[in-house]
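Below, each structure is written out as structure tokens.
In the two assemblies presented below, chain A is common to both, partnered first by chain B and then by chain C.
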Partner chain A sequence: MVIIGEVRTSLLHTSLPLPGAAAADLLALRPGTQVRATSRPINRTLSPDTVTGVDCSLPSEPRTRSRGIGTVVTRAIVVGGMVAQASSRAELEWTDYRERKPWKYYSRRPGVIEVSGPVTTDQVLAGFQMPSRQPETLDLGSISQRMINHVQDRPQLDNLTALRTRPTSMRWTAVGVEDAVPAVRLHIEDATMRTVRVTVPPHLLEEAVGFCEDLALHDWLYTTLGHVIAQAERDMARDADPMKGLRAGLSLLVRLWMPGAHVSPELRPLWQGLEAVPGFSEPWQRQVDWIRDQVFMRSLAAVEELHH
Partner chain B sequence: MSTIETPVYSEATSRPAPRKVALSHLSVEVGHLYMEDLTNGEDRIRTQFRRVAPWLQALRSAQQAEVTDGKARISTCFLIDDYFRPDTDPSVIMPQLLRIAADCGIEIDYLAREAGCHEADRVQLAEITRGMLLHEPPVGATGSRPAAQKSGWLCNGERTPDSSGGQAMRGSTLWQQPEEFGKRNHSIFLDVEMWKDIPAKGGEPAHRKWSCPFLAAVWQLIRLGALRNNGEPVAQPRPWPTDSWPRTWRELPAVMQLSDRPSPFSAYRVASILPKTYLKIEHAVNVILDHLTLDEAVVTQTAERAVEEGVELPAQLTDRLTNIFIEAVPTVRRW
Partner chain C sequence: MLVFAASDKGGTGRSVTSCNVAFHLAQRHDVAYLDFDFGSPTAGAIFDITRAERGIEQEGMHSYFTDGLADPRRLDVWTSTSRPDLRGANIRAGRLTFFPGEIGGAEFGMTDERVDRCAELLTQLDHEYEVVLVDLSAGRSTALHMALAATALSKMRSVTCRWLVFHRWTRQHIVAAHGLVYGKHGILEVGKISGHDQKDLQEDIRFVRVAVPLLKEHNPAQSAPQATWLLAYDDELRKLAVDRRLGQSRVLGTTPVEPILQYREQLITESDVAAKIANATTIKGFRSLADRLVDDEVWEGA
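So, the complex of A and B:
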């Protein structure tokens, strides 16, 4: 049992964090279908699923012939009224039947792609983890990107952002293995691309989706705060005022840091592994401290200047 | 340690569970008449109901044979064509229709309005259904580009490539065939117009005109108990006295219960006894229904209820739908 997915994460195009009701309105993308939301420990709103049909080769390494027919399920997520994510996924099921069946067969199984051809699971997993996508193969990234564009273009947003940030992509695979101890491997491909491999017992495969979305969120927060610091250092080096970016980083991003808060308890040990290597919360906290120190010292200096 | 896992924290909005609707074993649509037929004397109505009656009886027996313990729950219904012809008078049409049906031994348990398939109790049923559409991907669709769709149209395959513009200029006039996806040897290609967007004109605002097959698809979804609005049942039947009809259809509920204590309106399976003229509409209805993503929670709920009741239920919606086509009464205009 294998699920593959791709998450795009970006700053929501809004000047102020959206309250819960506004986030629900933003993600009401399908008439008559409820938006799901949790408000604690932090607001997380999920759009109804949208479904996309595909009939194409799958990425594979080494390249091997394959045909995947079925559907990809995509949802949009808003966390803390501030971060937008689009998450696409499909479960892969191998079949001996190579022809296309009547569509009602596929439309009744949203999020399942049937795979035929000589390609093996391992070849698909390896292909999907390649840094660049093989042309003319399944493209979950584009499906997610269209969803995020759709959300960011909605009229509910004022299209102003207090921070300059870059969107990130996380391509992930989750494999269900009987009696497996949950394990994760995160690989930073470049400035914006990450790949993740998750192994879990089969009954937790669905939960892996939520874990990967949570990991993508925190990886984006970590990356973005790093950019805030790098920008501040550049500003300071050329004697410009770094305070605007630092303050925005502190007020918008820091409160969103809660690794594992929305993850199934059974998969939280995966976070513990990542906290050990490469470390997430500890270096995050050091970055936050550094920013607070800068803001504090500069505020102090400003006050002292006033007194002179 | 306790063996029963209870969540420590839950929120009302995090897991919406759809509300159930009562289900019969079978819902039978006992004929269909265009408004012209309903306003053109009694003969045409009488001929159709006379032809419907034995098939209704046959469907009752067939359904009873499937139910091993107890009496099968079967209800009958009739759909009025008021979306395209709202200009007629229920107080004239309804007493006549019900009288002739009764004469032919047909009791209509529920009356529905086609306009109610567009909107019922301020819920936009057609829009909800439009949001469920899942277009079929052509071979080679990776997800890189959005599916090329003609707004308002749905087909069961790949259209003939556009030969206008550049191609034609170069003198290429070769016809390329359309293709039905998932075909058996040969294609039966169908392209259905689901709606038309009418621009604002002469004081009338822009609006969307739904096609007959699309509203008929919504009709079948309601009958199958497969539609919900934010988890709530839609177009639920309301009792209506058969001796009191208003002058306009708009004043009536979307679905009315006319008989005393009938079996539920919605059902596990639905059958429609229709004049053969509706064959192509029902083909289109099947194509539309096969291209919808249904509310998974409703699907699961219905499947579980069927198992509890010992009802065998096909996984695909259109497999729960039976059509019986009867000889059509000749139309007034013969050419």
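So, the complex of A and C:
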């Protein structure tokens, strides 16, 4: 059993974090559908799933003929009223038939893509792990991007930003293997693209979706705080004031750091592995400390200047 | 901040000046450069990106508007350029991301959907980059109309927009630039129809004088009558510019005549100046344009 997915993560186009009710309102994308929200330990709001029909070939490595017909489900997520994610996923099922069945058949199975052709599971998995997407194949990223654009365009947002940030993409595959010990491999492909491979026992496959979303969120937070520091150093190098970006980084991002908080307890060991290699919370904390030190020292210098 | 680069005529040096300004801004900010010159994308050549010299084959700006492409191609100038002196010239430079047009692309019509997509892209990039520079096709093009319509949408009200109109220092160019801004179907008229407040829009427009000869410099090749004529005519052009509301208070900056750029449109770097191939005044002109572009005081009341 295999699930593939792609998560796009970006800062919500709002100057201040949205209160919980406003976040729910933001993600009520269609009337009459239920938005799910949890408020502890941190507010996380989930939109209802939207369904996209697909009939196309799948990425594969080495390239092999394939046809995937079915549906992709996508949801939008807002964390802490500040970060927007769009997460698309589909389970792959190999079949023998060639002709497309009536769409009614596929729409009854949201989030399942039936795969035909000589392509193997391993080839598709390798195809999805390629750093650049193969043209003319299933593009979960653009489905997610459309969802992000839709959310960012909603009237609940004031369209102001205190911090300019770069969205990231995380393309992931989750494979269900009997008796497997949960394992994860994270690969940073370039400045904005990450690929992730998760192996779990089959009954935890659905939970892997939430784990990947949580990993994408924290990878984005980590990357973004790194940019805040880089911009501050750039400002300092030319004697410009770095405080605005540092303050925005501290006030908007830091409290969102809670790896594993919304992940199924059975998959939290995956986080422990990542905390060990490459390390997340410890270097994150060091970055936060650096920023606080800068803000503190600069405030102190400003106060001293006032007294002289 | 969104910056739109417009010109009435082609060959004004709009693209090459915009690229150079983007290059200087990127020394300290994250900058995006969008090629909206749909009919003839050339910015790839100016950045010396071989594989995008006249645009790319697919997934460029055209497809974003005409095929519903979600992620138009981005090229990182620092790593895609074939000029070694651009790479690693400043270890602390910001990003300079180039959004290329497409080879064989053509102008296309404006629809409400395209205006929405334009607004979506510009909003998205405004949240990602400090400066988003959009190089528009010359004249009263679809690109210009689309930019005016997109920035007039209520959701874009909070975004800072600045409009640059490039013209060369000749009578014809001054008259043409005047027409593009103040004339029939000009920026102000179309802007107003699109929903802009005309006065606010006017305050967001500045002119850039390109390839202006430096007459004060001693030029031994010049005869006395020639020098006198040039000075007198230069004076006349100044009066014409004031008369046509292109006067000094509405000018963002001036770039001098640069021999290199007469032969080849490219970025002018410190190493070109150090090698004495390019004039120091050229770089100074570009840098001053970049500084003033992001200096709020310059833009308060014209």
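Here, the second predicted complex is superposed on the first by the 308 of 308 C-alpha atoms of A that agree within 3 Å, B and C clash if a C-alpha of one lies under 4 Å from a C-alpha of the other, contacts with A are read in each partner's own complex, and residues count from 1 in each chain.
Convention: a residue touches a chain if its C-beta (ideal position, glycine included) is under 8 Å from a C-beta of that chain, and two chains touch if they have at least 3 such contacts.
Worth saying up front: this structure is predicted, and the values here are computed from it rather than measured.
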Practice task
With the two complexes overlaid on their shared chain, look at chain A and say whether chain B and chain C clash or fit.
Solution key: fit
Completion exercise
Check: chain B-chain A-chain C angle from CA centres, nearest 10 degrees, reads 100
Practice task
Check the residue A:142 against both partner chains and state whether it touches chain B (first), chain C (second), both, or neither.
Solution key: both
Exercise for the section: Have a look at where A:55 lands relative to chain B and chain C in the superposition and call it first, second, both or neither. Expected result: first
Problem - Partner with the higher number of touched chain A residues, chain C or chain B - result: B
Exercise for the section: Could you look at A:233 and tell me whether it touches chain B, chain C, both or neither (first, second, both, neither)? Expected result: second
Practice task
State whether A:153 touches chain B only (first), chain C only (second), both chains, or neither.
Solution key: second
Exercise for the section: Quick one: classify A:296 as touching chain B (first), chain C (second), both or neither. Expected result: neither
Practice task
Compute the least Cα distance separating chain B from chain C in the superposition and give it as a whole number of Å.
Solution key: 5
Fill in the blank from the handout: Dual-contact residues of chain A, meaning touching chain B and chain C, are 139, 142, 146
Fill in the blank from the handout: Within the complex, chain B is touched by chain A residues 30-34, 36-40, 49, 51-57, 71-72, 88, 99-105, 107-108, 110, 136-140, 142-143, 146
Practice task
Could you please specify the touching residues of chain C with respect to chain A in the complex?
Solution key: 28, 30, 58-59, 69-71, 92, 94, 120, 123-124, 126-130, 155-156, 158-159
Problem - Residues on chain A engaged by chain C in the complex (per definition of touch) - result: 10-11, 13, 135, 139, 141-142, 145-146, 149, 152-153, 155, 158-161, 164-167, 230-231, 233-235, 237-238, 240
Practice task
Flag every residue of chain B that touches chain A in the complex, lowest number first.
Solution key: 9, 11, 13-16, 123-124, 127-128, 130-132, 134-147, 156, 181-182, 227-231, 289-296, 299, 315-318
